[in-house]
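In order of appearance the chains are A, B, C, D, E and F, and numbering begins at 1 in each one.
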Amino acid sequence: MAEFFAMGGHGFYVWGSFGVAAVFMIIEAVLVVRQKRTLVQRLGRMVRMNSEVE
Amino acid sequence: MSINWFKYSAPSSFYPLAGKVAPWFAFTAAILFVVGLYLSFFVAPTDYKQGEGYRIMFIHVPAAWMSMFIYIIMACWAAAGMIWRTRLSSMMASALAPTGAIFTFIALWTGALWGKPMWGTWWVWDARLTSELILLFLYIGFMALESAIDDPRRAARASGLLALVGVINVPIIYYSVQWWNTLHQGASIKMSESGGMETSMTEIMLWTLLIMTFACWFYTIAIALTRVRSIILERESNNVWVKEMLQGER
Amino acid sequence: MKWVSSNISISVAIKVGFMFAALKCVISRDLTLAMRHRSDVLTTVFFFIIVVSLFPLGVGPEAELLRSMAAGVVWVAALLASMLALTRLFSDDYNDGTLEQLLLVPQPLALLVFGKILAHWLISGVPLVLMSPLLGLQFGLGSDALIMLVLTLLLGTPVLSLIGAIGAALTLGLRGGGVLVSLLVLPLYIPVLIFGAGAVEASASGMGAQGHLSLMGAILILALLLAPLASAAALRISVE
Amino acid sequence: MKWVSSNISISVAIKVGFMFAALKCVISRDLTLAMRHRSDVLTTVFFFIIVVSLFPLGVGPEAELLRSMAAGVVWVAALLASMLALTRLFSDDYNDGTLEQLLLVPQPLALLVFGKILAHWLISGVPLVLMSPLLGLQFGLGSDALIMLVLTLLLGTPVLSLIGAIGAALTLGLRGGGVLVSLLVLPLYIPVLIFGAGAVEASASGMGAQGHLSLMGAILILALLLAPLASAAALRISVE
Amino acid sequence: MLNIANLECVRGDRQLIADLSFSMGEGSLLHVHGANGSGKTTLLRAIAGLVLPEAGEIQWNGKSTRKLSEDFNRELLYLGHHYGLKFELTGYENLRVFAKLGGFDVSERQVEVALKTMGLERCVELPVKVLSQGQKKRVALARLMLQPSKLWILDEPFVALDVAAVSQLLDMIKQHVADKGMVILTTHQEVDVEVGELQHLHLGSH
Amino acid sequence: MLNIANLECVRGDRQLIADLSFSMGEGSLLHVHGANGSGKTTLLRAIAGLVLPEAGEIQWNGKSTRKLSEDFNRELLYLGHHYGLKFELTGYENLRVFAKLGGFDVSERQVEVALKTMGLERCVELPVKVLSQGQKKRVALARLMLQPSKLWILDEPFVALDVAAVSQLLDMIKQHVADKGMVILTTHQEVDVEVGELQHLHLGSH
């Protein structure tokens, strides 16, 4: 196991590459989904409030 | 992808369509990533020359390819938006830019981490590396311009124009950098290693690379579709169909 | 009747005449404005000179090192100086509302924009070209390389103004426009920089620079054709 | 009574309290304005990165040559980036009339100016410092030299903002302020550049850089004491 | 001659103008009323072609103004909140530039007369920058006397003018309408603009 | 309380104000008249300390305003041709900044009430940049309700305001004078500012 993570002495480089790539892609995915959700909430509130006024 | 984009070029009909297909792309991407990562770490054999370090290739090369593809696609969308004045096109362009920038950054980052053990340095001013760096600047310029303009309609038109100017310039930049580097053959380290790699690439390595690349493709499509849905909502929030849809939701 | 009736279509010859008059007027207007503040013209050159002179201070005085970086440093400084002057290309007109009025002039906007770019080049580009041999001498360049430096700058600085105009038009009225424009424009300048500095270095090391020069000429022609149109489109977007 | 009567002299403690509140308010106002357009903060850094990356393109990719000019290039680029951001320090406030109102605030003007400079440094200086090691790596600097690069920039960039503020205040409202300010300010930057780049080179070649650093510290203290006062005086002249 | 059909203008997330239609013929004046922020400036800029409307059509002599572009510009004189003067040039120079760019010929004498009529005889040699607010406005208005455009679009033209200048401007507007010109204007001041075929347009209840 | 003695102001080669002396006490209003370019703005800026007079003395409670500097600024509210607003901030944020810098405490509620009184309730969340000309002016005027200054100097405060806003502002001015405040203003519009101890000052015959 430890040997696997050591990557023949190149562990830092290999895991640094895949790790950062994974972190960026996961963060992007989470942000995109969240942005969509909050936007729907915000606009929904606006639409409802306007329809109450009318 | 056999979707007829033009049929769905109206945001109101594209919005639900994108919502339906995006999860499937995301799902496929996840499976491909699992398979690709398994192959990269447990199946692909150790490289006789570079040892285990070469496994960085399985993320580096797909990211580098994606960074270039996405820019071209983005510019095509922007051009379509300027020429046919379809609203959806410029929205697609803005939806793609952040993902492209992220892949560019990943390519640079993984390349640097690969270069240190292989070449003994994080960075050399090689043509390929330099043009990738310039590509990052172009992405960032596009996004900075878009975020600096408050009015979303104006932002879309301005950044679309910039992408269009960029598309004419990118090949010029690419070849000039290529030429710049070959004229000065003084670099202490050259990229000739990669040429050596091609021959040593086994079939399984090639397959792994392809699967990782497809995973990135599907990831990009899923992300772009989701993001374009947000953009559609934001820019079309005045339209009746958005209001009716939001009224229906909850 | 007091006004030109819209029913009478003006003959083409007169139209072209008016177009030339308008072009001349834009150019002379911008030149007059620059001359009202003569410091404007001088500051670009001085910026150029100072940036170039900063390098020996930062890098150290070894003559060999300085000679080998001369072409690059002069070209980068020219890039920065011309870019810095750019931020003012449209922004003054934008702030005082004269740009709005330019959009309402009965002439093709791209033509007026071309006039403005030309005036800008005369004010900020030409002085750089004239000053460059002196700076090249300071870094110990030979006479062949000096001539090549002037030639490439002569071909290259108009391209810088032309491409830069697009960036300036796009960032009009945005906060932090000055820095933003550099972010948009500098990456697009790279081919000009590479061929320009490359030509000087090639001729300094005794090689021919014909190829570089013809490429720069091609880029110039492309920019002349496309940049005014793109800038005009960008202006329409920005004024809204 | 609705207003504070001028006859009651406010106690010193309250006065100092108000002064701190005002200082905090100026800083947070400017930071808010910058954050409204997050691109503002980022563009300065990117300008810095792009300018540094232009040099290899102009000079050529030889690693040895690049290493020997690294300190100079990074420092010159930091100078230019911080100077470019300067033009906006007072000009936005001047154009929309808020500067006029700042002059009418019942607080020492030098204090408000200090707040604005501090905010400016936080926005434009600190990101440069944070980004510099990466650029040093690209040019192949060793770890000692990298640390020294960060240190000197940390001491030097506030000086750049402080001195630059004087120039920005003096050229306020003049056409072509952007270029003019660089003309006034760059010569004053030279000592900072020489000591900053010198320290990095000294430590890259294994020598101590203690002397350079303490000189830079002295310059910083001097600038902290004098620059806000001088800028305040310059502002009063410019607004009239 | 000017036809507006189903015009719709949106700013940010607010719909300022919805389904607006009207038309004006020769020798008529349109006075646009409305509270602050009701969209008067937006409407005027849309007609001038400076703002892209969300929907609707603006026609001049039956042709879309967007398509006419330069030909429509020749018939148009727009004066907005900004005066459109170069502050470094004198009033005289500013007017000459307008004339050359607009493609209409004016003699030195005509420009001088126009400036004099606006009461600027003492300021001809000064750059516009140092003039007072009202004097700047007067320079901008001097264009009305020189440019042979049929359609004047004036956004709050009376602002910053003293009593003498206001009545002078009123005379000019009346004369233009009497000469079969067309004027669209907004103003919050109470001025007497009863002339020719007068229309009133009231925008949004804020 | 405000004393002006032998004031002289020169712009370029023109002497705009020569040997002007007057004084104002609590609860009084000074209306400065004059044609365009007669020097009204110059006078107001000189009193506020933004223009250095050529000669003469400006005193507040018997002390030179130049010497008082910050202490005089505390008593002063100047609104000129520029509104002094940051266009990127909302109206609410702009007013908070004024309050903090001026060293007077206002609650969130007070600011909201002031904006509402000026009829801006629908625009609190918008950056000032996108507001109409009149709405911008209203934001600037909301300061009058928050800042506890005794001397108001208002250069053409009625410009760009619609009828409702003009009468609102008039009420505020009258209230301030009745509360023993002092107001100096210029305007070309005909408005009814008869209140308290009213003085008129006529500047130069152009």
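We adopt the following convention: a residue touches a chain if its C-beta (ideal position, glycine included) is under 8 Å from a C-beta of that chain, and two chains touch if they have at least 3 such contacts.
Since we're looking at a predicted model, the values are computed, not measured.
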* **Set of chains adjacent to chain A and to chain D** => B
* **Graph separation of chain C and chain F (steps between touching chains)** => 2
* So which chains count as neighbours of both chain C and chain E? -> B
* Asked: Taking contacts as defined above, which has more of them, B-C or B-D?
  -> B-C
* To do: Tell me whether chain C and chain D, two copies of the same sequence, contact each other through the same residue numbers or different ones, using over half shared as the line for same.
  => same
* To do: Would you kindly tell me how far, in whole Å, the mean C-alpha position of chain F lies from that of chain D?
  => 35
* Structure fact -> Separation of the C-alpha centres, chain C versus chain D, in whole Å, is 28
* Structure fact -> dist(centroid_CA(chain A), centroid_CA(chain B)) in Å evaluates to 16
* **Approximate Å spacing (C-alpha centroids) for the pair chain A, chain C** => 42
* Would you please write down the residue numbers of chain A that are in contact with two or more other chains? => none
* To do: Would you mind listing the residues of chain B that make contact with two or more other chains?
  => 134, 137, 140, 144, 148, 151, 177, 180, 237
* Structure fact -> Note: chain C residues in touch with at least two other chains are 33, 36-37, 174-176, 180, 183, 186-187, 190, 194, 240
* Structure fact -> So, in the complex, the side of chain B touching chain C is made of residues 134, 137-138, 140-141, 144-145, 148-149, 151, 154, 157-158, 161-162, 164-166, 168-169, 172-173, 176-177, 179-180, 183
* **Parts of chain E lying in touch with chain F, wherever the complex brings them together** => 11-12, 34-38, 40-41, 81, 119, 122-123, 126, 130-135, 137-138, 156, 159-166, 188-190, 206
* To do: Within their complex, state which residues of chain C touch chain B.
  => 166, 170-171, 174-176, 180, 183-184, 186-188, 190-191, 194-195, 198, 202, 215, 219, 222, 226, 230, 233-234, 237-238, 240
* chain D partner contacts - residues on chain F that touch it in the complex -> 48-52, 60-61, 68, 70-76, 78, 80-89, 93, 97-98, 100-104, 127, 148-150, 179-181
* Structure fact -> Listed in rising order, the residues of chain D that touch chain B in the complex are 37-39, 42-43, 46, 49-50, 53, 56-57, 60-64, 66, 137-138, 140
